[in-house]
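In what follows, structures are represented as structure tokens.
Okay, so chain A shows up in both of these, paired with chain B first and chain C after.
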Partner chain A sequence: MKKIFNSNAFEKMLATLIAIVAGLLFGLVIMLLINPSMALGGFGAILSAGFLNGGESLGEVLFKATPLIITGLAVAFAFKTGLFNIGVSGQLMIGAFFAVYVGVRWNLPPSIHWLVAILAGIVGGMVWALIPALLKAFRNVHEVVATIMMNYIAMYTSKMLIEATIYDTVRQEARPVLSGAVLPTLGLDKLFGFNQLNSGIIIAILATIVIYILLEKTTFGFQLKAVGFNRNAARYAGVNDKSNIVYSLLISGALAGLAGAVLYLAPGSGLKLETTHQISNYGFQGIAVALLGMSHPIGTMGAGLFFGYIEAANQELQAWDFKREIIDIISSSIIYFSAFTLFFQRYSHKFMVWLGKLFGKKEVEVATETVNDEKENGGNDNETNV
Partner chain B sequence: MSYVIEMLNITKAFPGIIANDNVTLQLKEGEIHALLGENGAGKSTLMSILFGLYQPDEGEIKVRGEVVRIKNPNDANDLQIGMVHQHFKLVENYTVLENIILGREETKFGILTKKEARHRIMELAEHYGLKIDLDAKIEDITVGMQQRVEILKMLYRNADILIFDEPTAVLTPQEISELMLNMKNMIKEGKSIILITHKLNEIKMVADRCSVLRKGKYIGTVEVKDTSVEQMAEMMVGRKVDFNIERDPAKIGEVVLEVEGINHYNEYLHKNDLTDVSFKVNSGEIVVVAGIEGNGQSQLAGVITGLNTPKSGHIVLNGEDITRKTIRQKTLTGISHIPEDRHKHGLVLDFNLASNLILQTYFDKRFQKYGFFNFKAINEHVDELIDQFDIRSGQGRRTIMRSMSGGNQQKAIIARELSRDMNLVVAVQPTRGLDVGAIEYIHRKLINLRDNNKAILVFSLELDEVFAIADRILVMFEGRIVANLKADETNENELGLYMSGSKEAQNEENI
Partner chain C sequence: MKLTFKEKMKNYLTTKRIIKISVILVAYILLAIFTTNNMYSLLRLTLFSAVPLALVAMGGLYSERSGVVNIALEGIMMFGAFIGILVLHNLQDKGIDGQHILFLALIIGGIAGMLFSVLHAFASITMKSNQTISGTALNMLALALAFFVGRALSAAGTEEITFRDSYRISEIPVLKHIPFLGDILFERIYLITLFGIVLFIIMALIAYKTKFGLRMRACGENPQAADAAGINVKRIRYIAVIISGLLAGIGGVLLIIPTTTSFKANVYGFGFLALAVLISGQWKPVRVLIFALFFGLLRSLANGIAFIEADLQNIPFLYNMIRALPKDVIEMLPYVVTLIVLGLTSVKSRAPKAAGEPYDQGKR
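Showing the complex of A and B:
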């Protein structure tokens, strides 16, 4: 227990919690301005919607959180390895198309059909991430520019491909996938009493664990992070920086594609691939999730669950006469406040020291930050050769 | 003579560290006062307090006899205190003139006029003998000239108390002597100077008095002319420092590194920056490549270690041609590389100490199995290195590299590179920016390895260092090796002639 309290990670978490509380309070202020009489009730609904109807509500939270966790992971993973993948949306759209195409057109035994469809989605995301990855690694084209452009290309490409291959002209959307390609529910729908809940959440949790282990416990992750933090030093240490940049965007793209597959293969959601001129919003929400989760895989999962939680308040909120946009305002102001995390962290540090004093000496010692000797006192030989 | 600045009993604490503990500094009018201390001794904190960047917890500051409170750099400016920071604060794509007047622009009907400013700056420059080109852009001029711009910025603002923070760290030997001359000129004009440094020679050259800090504490103030370099070093480090490390004559073994006819093409300058470079390094000797910065040393080190690819020529290690091998392969054939720029190449600053210590060996069988780290083995190895190389940090192996002092960062690199199995050590300016204690330490390590029959190739810009460790000296000038000398058969004068290109070795066959 002490170890948890003392860790830097705990301080960071506390700072994030402060950001969340600040964001929620800001939302409350907005609600008070819009409709004072309903504000408190509506705010209560946001806070309680995830519990209100017991298992069903919780099921909805998990369902809503699933794509957020996976896209958040995609962004966080790229970020941990020094890349800013703005193209998660595009990769997700192509991944979704690949998955749905396999789900609609391929005739496979039901036991493996959904699995193949998911793999197709992953491949789709990787294909879309490959181009910016190669440009970045070999021509040093900034990945932000390349991935944003790929989003637009993805939008038109997927529209074209859907219309050419799996289009239902009457409903103006993609045809439904075959029953074998729908994600198994594993009884989760019954367990929680929420009929849309499916194995997607299990996949999201597994992906989180895999990414965590990859980043923290393996030599491969070590290389990826070294290239991300300092490409020159990684090269000096004999790491092939070019191939590692390609790998890390490919993995990020794979996650994005996975998110696309999980979204559109979900049972009973009624969500179909459409051919509107719109870039999927999930990729951008993924950025928010990763930001709030401080790009840590576990943190990202927590952030995804949190956003899923307040998303679930949607219907409840309408009962209090508020538009669903209020949730977006709260979400975005939380992100805004989490940009102050470093600022909050200073206070949470002080808070931890204070807690330490309260509970005994040991904590104080560890919690006392070692001051940046170099910066404060010298910076004497920092980069002497600029 | 009266004091222009008195900082009395200054104490400043940051969480977890007391940066200045009851420090007193008194600057006489018209003197050059050196502030000496190791990295992290609290010199910069003290100056930041004087410049209004920090507020002292205790103590008072008097300027020209009056107690003042300096709340921000503007207050310091008003008191005619100016500072040349170690990292220049210039706008890269502005001209020299624009940089000098920035913040003090003169306008006519709201429109910027530079005419009068230009006139005044020209006068100042001439008066103090500071050579500059007012219309050149900062990004196009040398570091030495950028520093002169910073000096003119202070003079233009009528500063008469000048603080120089490590001014020579980025300069070539020529530029250093020019700066020293300029400083003496300024004193003649009635300015007073505080010189922050850890280079004792410079203090000996220009300073009148010297105050020493050690680990935030005030050690004392001495008259420079009555104090030897050794005594000052002892005050700074807290123990006797050996400048002349005793060593046995080299026992030269067989050839380890053979560099044959290396040419390297510079894509930006469109010309060769290495031309027909050939030399050998044997086991059991330290070969030092001397030369003024920018004569191809970095490229040569890069070609040997694999960071650069040569246009032609061969690198042979223990009889094996390794010219075209990857960096990883070169590392594994036994090259240890202490890189020139420790922040750019040597370290991943956002990794912790442990990760940096295994940066070259993380893939070793000891540390991983099927790609999964064996943290127990890593931690044992890392703790051993930390202990053996005396790397000091706040939280041991978990300390983030960025928060460690420069000396300890360099020690981490040294520990990593010198603890591996190797035949050849390539050390590029291994002591750059370090204080005497750390320098002595690194020199000892290199000499130890030499005595253990390793081949050592050092690149150095400092003549002191060249003579302290070299068995053989190669001099580089404009991408070529112009001299190959035995260290005990030459002297600084001769070396200086080779380095500046005014002399070239006749005996080419020796090279």
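Showing the complex of A and C:
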């Protein structure tokens, strides 16, 4: 019992929970300020929309969570290797273009067409990540600024590419992909009774598992993390830091491209590539997901599901006369509060000790000290990783 | 030992300085002779984006030089511009003198930026949290707030806040006769843009010529040593981050008013561009200014190229090249060139040593 209460991971979870509650409360305050009469109803909708209609709601949560999980993984993977990839949005846009291009222009047997389109999306994301990766590894350009610039370049580039190749001039958007390139639903839509749900969620879960194994169970993943932890030390230990930086941004970009493909090859979602001057928001949401998930693949999946759950309230919110941006306000303030983890952890630690006392353990004093040490380490660990 | 004026001059005028000054003088004379009226139009347009860029980069300089990485610049700009333009929108028809409203909007935008930056200071200094996370969260928050509140306030339910642009001053007497500079700075200009330039210079002097500036830079290089010398590191960092918020907020308003007539919850990535300017300018004011002017010129090319088309026709090669480029490519240029410049300059780049690290007294 003592072990559970005093474990570091449990404290982190509790700290995250505090951040979530604080973020939700901040959202409630904003809603009360803007429209007091509707605020409580709207807030209730945010909390309850994810399960109100049973299977259909759950299906919608899974559908909304799919791109969030994958972009979250992309950011989290880069975080784990010491890089902050703000450029997931740009990589996603280029990946989406590659995927849709293959989906529209190539004539392939339906059984493999969607797979090829997804692979094309992955390649697109990698191409876009390659430039900042090389700049970071060989020219010491900070990846944050480089990937942000790549976002803007992607915005213009994808617009020009779409207009030059797959543009529907009448509807002013990209042409729809051929039926063979649409992601199969695998009967998930019928199972949950939500007609947009497709195999994307399975792909997201598979991606999570692959990334988990890669990071935690392979030498390659260990080397990537080592470079992220301390580039010089890793080089001293015989790890090629430059190529590892390139690899980790490439994998992150591949995930971003995958997210783009899954988003725009989804059946019946009506989501088309547009040529407006706007950077896709999914990449930034991915940052939120990764941060809330503490950059751990499994945690990221949980965070993706959580944000998918909130996102599912979109339509309900309209009924309460609130715009969907309130969800963004809530998720960004959750991230802001989750930056306080270290602070919250101190309190959740005290709470744990108090719980321990309740159960009448005599070694509590001793345990406190060891945990204190552990916490210090955990804190540092957190800082360098993220 | 008291130096006479002659000795002082002798110390000041090293060969390097003499060469530098004469190059600047020659360049100035050449510019004054060869700049056409069309080019002046383009250069004025350049100023409209270069000044906010420089000012926000100066904000970044304060924050980072004190040891706090400020990715939130974009969000602070967004928030400052949002509040400032909101003020402008609401006061415009109240019959107050135009220039007064303009400065009021600018100052309130700056104060809004200050308040918003307190969130970043609190997270990164008091809470010792990861500065990149806090900055990213604040960027997202500012965007969401500008959208959400903007939509809630507008009758049409859009995030767009419009304003009438009637603040441009035709000329400033006497000063406009200065060759070259007079044509750019003192004709068909916004007073707030001039204010921005003056503010930039003042802030550069504070950062480099005052006790506070020295202390601030010490906190960014070696906070432990600064602490040992009796400097309150946390206080200095708070002040620096709040100043950066002020400058970014002002920069936001300064960007929106001259370049458009409506705020659409968008500052065109200028906060991030300012960060890039700060890095390529190596955290030094003069270089920051030069890069800001350079990026401002690239940025204004998309709209300003029409001004100089007549002049360009004299150089057929350049003219044909530019005509062949799609508008999207020209608009993309600042970002592409930023990447290239960073690629060329970053190898030897040296950020303030303690930037990004929460101050820990126990650490050596």
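The rule we apply is simple: the second predicted complex is superposed on the first by the 352 of 386 C-alpha atoms of A that agree within 3 Å, B and C clash if a C-alpha of one lies under 4 Å from a C-alpha of the other, contacts with A are read in each partner's own complex, and residues count from 1 in each chain.
We adopt the following convention: a residue touches a chain if its C-beta (ideal position, glycine included) is under 8 Å from a C-beta of that chain, and two chains touch if they have at least 3 such contacts.
Computed from a prediction, not measured in an experiment: that's the story for all the values here.
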Touched partner set for A:276, first chain B, second chain C, both or neither: neither
Contacts of A:84 with chain B and chain C, given as first, second, both or neither: second
First (chain B), second (chain C), both or neither touched by A:107: neither
First, second, both or neither for A:232, with chain B first and chain C second: first
First (chain B), second (chain C), both or neither touched by A:169: neither
Chain B or chain C, by number of chain A residues touched: C
Chain B versus chain C as contact partner of A:329, first or second or both or neither: second
First (chain B), second (chain C), both or neither touched by A:217: first
Intersection of chain A interface sets (partners chain B, chain C): 382-383, 386
Contact set on chain A toward chain C in their complex: 30, 34-35, 84, 86, 131, 135, 139-142, 144-146, 148-153, 156-157, 159-160, 284, 287-288, 291, 323, 325-326, 328-329, 331-333, 335-336, 338-343, 382-383, 386
Footprint of chain B on chain A - complex, ascending: 217-220, 222, 225-226, 229-230, 232-240, 368-386
Residue ranges of chain B touching chain A (in the complex, touch as defined): 14-17, 19, 39-45, 86-87, 166, 169-170, 198, 216, 305, 307, 326-331, 337, 339-341, 343-351, 355, 359-360, 362-363, 368, 371-373, 393-395, 399, 402-407, 432-434
Interfacial residue positions of chain C with respect to chain A in the complex: 71, 119, 123, 127-130, 132-134, 136-138, 140-141, 143-145, 147-149, 151-152, 157, 269, 272, 275-276, 279, 326, 328-329, 331-332, 335-336, 338-339, 342-344, 346-347, 349, 358
